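One chain, chain A, links the two complexes that follow: it is found with chain B in the first and with chain C in the second.
Take a look at the complex of A and B:
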């Protein structure tokens, strides 16, 4: 097995980079969309059910079906990577949105009152009090989203987006366990590694007194 | 404050990354479906197109089935992929499985050109029909060679097919009607690669694979004859986008060169080299092209 991985290390390395690229971009998009949505929910409680509901529904669609739905989409369909990135970003929304909301709502009301008493504007309250206090929660959401995405991204090979999933599908076609492992092992290591390193970031963001 | 500081780099990173996504006007993308023969054919097309046109070729293999490949060509994600005439007729054009080799080819060619602006190139030279497969030991014990003979034993058997075969007009429903097949349990649908594993491990007793599959021989399996001619012809043909041919006229020459070059036996041997002997697909493809004098 080790011999096999060493023999194909260049191919595996390239696929791993592709995998990281797909997951990285999609998480960036999910963060850029998800955190503002989470904040919006704390400001406009009426939107809460709509936003969380949609994120929840997306989560229940099987990934292969979602990839399939987007195949004929106009601009998206022009490149398989675009479909993969949008799908992964959609899956990442729920943990990020929910954790942003929970993190901000979890800020001690006394702290918020004190800040308002000091005359902080809504924007100052958000950026100087609520978000720093909620940062570790939000990071936990990003961490969950990343680990899920690394798994789902292996399916993206089914529509030609590349990544480590290609080894898995190739191994299935050839009835070759070594090939399947050549895709599955690096993907598992990638998930473990990013979980660990994002865990450190999360610990660093936890306010000292909590 | 930390979030304000983060926002700008995130937005920048997004813009940079979306702009550096490679555009595909300067290369040809070859796709294939998710089984070994398709990967070998894809590799043969890719290597020969690269050699003949000098245009860089990108490979997108192991796509999840006919629909995904067809969509990839329509959307321009891919330019060429190997298809089978009978599959194009039934799965894409959704017509009844009928007609002889020439009829089916002509019908598919004209419909593809009209409806999808896709060119169906001349056959690569072999017909890869569906193969209804049982274990060699069962075939010898029961003395059966044909599908008609298999009908009466089917109630003792469990069956498994690929997902596509369950749904296609030339798939399970019609086969069961024509040969009066009734299995012990409703047939299982599974990934193509897992079919051979399942029959080898006695999880099922009958599978439907492809007649050129290398594993048939490798696992000592037997193909039952389609003695009532249920399946239409499935000649292997490259399908290509018309606008790609306009951009790279040599692509048509390259695909024409490959016409009639692969016999059924040669295809089966290549499949066996990959599935049975665990050899690398690109190497098998290169050796084949060299043996035919197409590559130096």
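Take a look at the complex of A and C:
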């Protein structure tokens, strides 16, 4: 096994980088869309169910099916990575949106009232009080999303988007466990590593407490 | 002593000069439709400390929040420095009106010094000025800046947090101060200490203060005038001396409940 991995070092390394790239870009997109959506939910309670509901429904679609649905889409369908990235971003949306919302709503009402009473503008309230206090929650959402995405991204190989899934699918086709492990093992390590390091960031963002 | 029961809008439409805060037939309904304030009149002159006294749910906190427009009335007018709150720039209004809430509402992610300097930073004062002013305010409420400045709110006792809340409200030197049970939930000794401190501050700073309490002793001690609230309106206002001897049934009920003061 070790022998196999060493022998295919370069190939596995490239696939790992591809994997990181797919997940990284999709998480960035999910953060850029998800945090504002979460904030919007706190400002416009009416939109809450609509936003959360949509993110929930997306989450229930099997990933393979979602990849498939997007294949005929214009522009997106032209490149397998694009489909993979959009799918992964969609999957990552729910934990980020939900945690942004919960984090902000969890801010002590007395703190918010004091801030408003001192004449902080809406933006100052958001950036100086709500987001810093919700930061560790948001980070927890990003962490969950990242770990899920690393797993889901292996399936992206089915539509030819590359990544560590390539080995797994090849191994399945050839009934070759070594090949499967060559994809699964680095993926698992990647998930574990990002879980640990993002957990560390999360702890750093947690405001001082009792 | 009818002249002291303060219902200025009954005397005419114009506000007497010197009314820093004024309510004119103010009504407020909660979002769920419940009537919280009804036809409330109130006039507070510059430099006085009006204590709003009343039982739980009578509308004291709501009245305070109408002054800095954390809430907005459904009918009537609230005037601050002669201008309806609805015509004030919201941020400017709130900078002129310091607000101390019962739970202090300190920012848990900021140090004590940073908490006290919030408004000063928003006003883009210079670093050295902020530092100086912050230390001064902490000393004013009897907290050593060297000892407490770098701590976080959770590292303070409840009473110390309340004092930081007061220091924070005073930092930008607002001419009007709203205090919602600033000494609530304290043991009698600390409460007494804070009250004495308040009196010293009050005499020194010459601000117009509206202070909410349901403790009659506190009202008599701290107020230059006592406004008695009941079910959503002000039913009378008295100097402490008048209050003690008033034969108004509502006042008597209060005094008797406290075993006579």
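As a convention for this text, the second predicted complex is superposed on the first by the 209 of 210 C-alpha atoms of A that agree within 3 Å, B and C clash if a C-alpha of one lies under 4 Å from a C-alpha of the other, contacts with A are read in each partner's own complex, and residues count from 1 in each chain.
As a working rule, a residue touches a chain if its C-beta (ideal position, glycine included) is under 8 Å from a C-beta of that chain, and two chains touch if they have at least 3 such contacts.
The model shown is predicted, which means the values in this text are computed figures rather than measured ones.
When both complexes are overlaid on chain A, the residue A:156 reaches neither chain B nor chain C. Residue contacts after overlaying the shared chain place A:32 against chain B, while chain C stays out of touching range.
Touch criterion met: A:129 reaches chain C, while chain B stays clear of it. Applying the stated contact rule after C-alpha superposition, one finds that A:208 touches chain C and leaves chain B untouched. For chain A, the partner that touches more of its residues is B, with chain B and chain C as the two candidates. Of the two partner chains, neither chain B nor chain C is touched by A:187. With both structures placed on the common chain, the touch criterion links A:117 to chain C but leaves chain B unconnected. Of the two partner chains placed by superposition, only chain C is touched by A:108; chain B is not.
In the superposed model, A:80 lies in contact with chain B only, and not with chain C. Touched by chain B in one complex and by chain C in the other are residues 132 of chain A.
Against chain B, the residues of chain A that register as touching in their complex are 21, 25, 28-29, 31-32, 35, 64, 68, 71-72, 77-82, 127-128, 131-132, 135, 157-160, 162, 166, 169-176.
Every residue of chain A that touches chain C in the complex is listed here, in rising order: 108, 110-121, 124, 129, 132-133, 207-210. Residues of chain B that touch chain A in their complex: 1-4, 10-11, 13-14, 17, 21, 24, 31, 34-36, 39, 60-64, 67-68, 71-72, 74-78, 191-194, 196-197, 215, 274-275, 278. Those residues of chain C lying in contact with chain A across their complex are 68, 70, 90-95, 97, 99, 101-109, 118-119, 122, 152, 154, 165, 168-169, 178.
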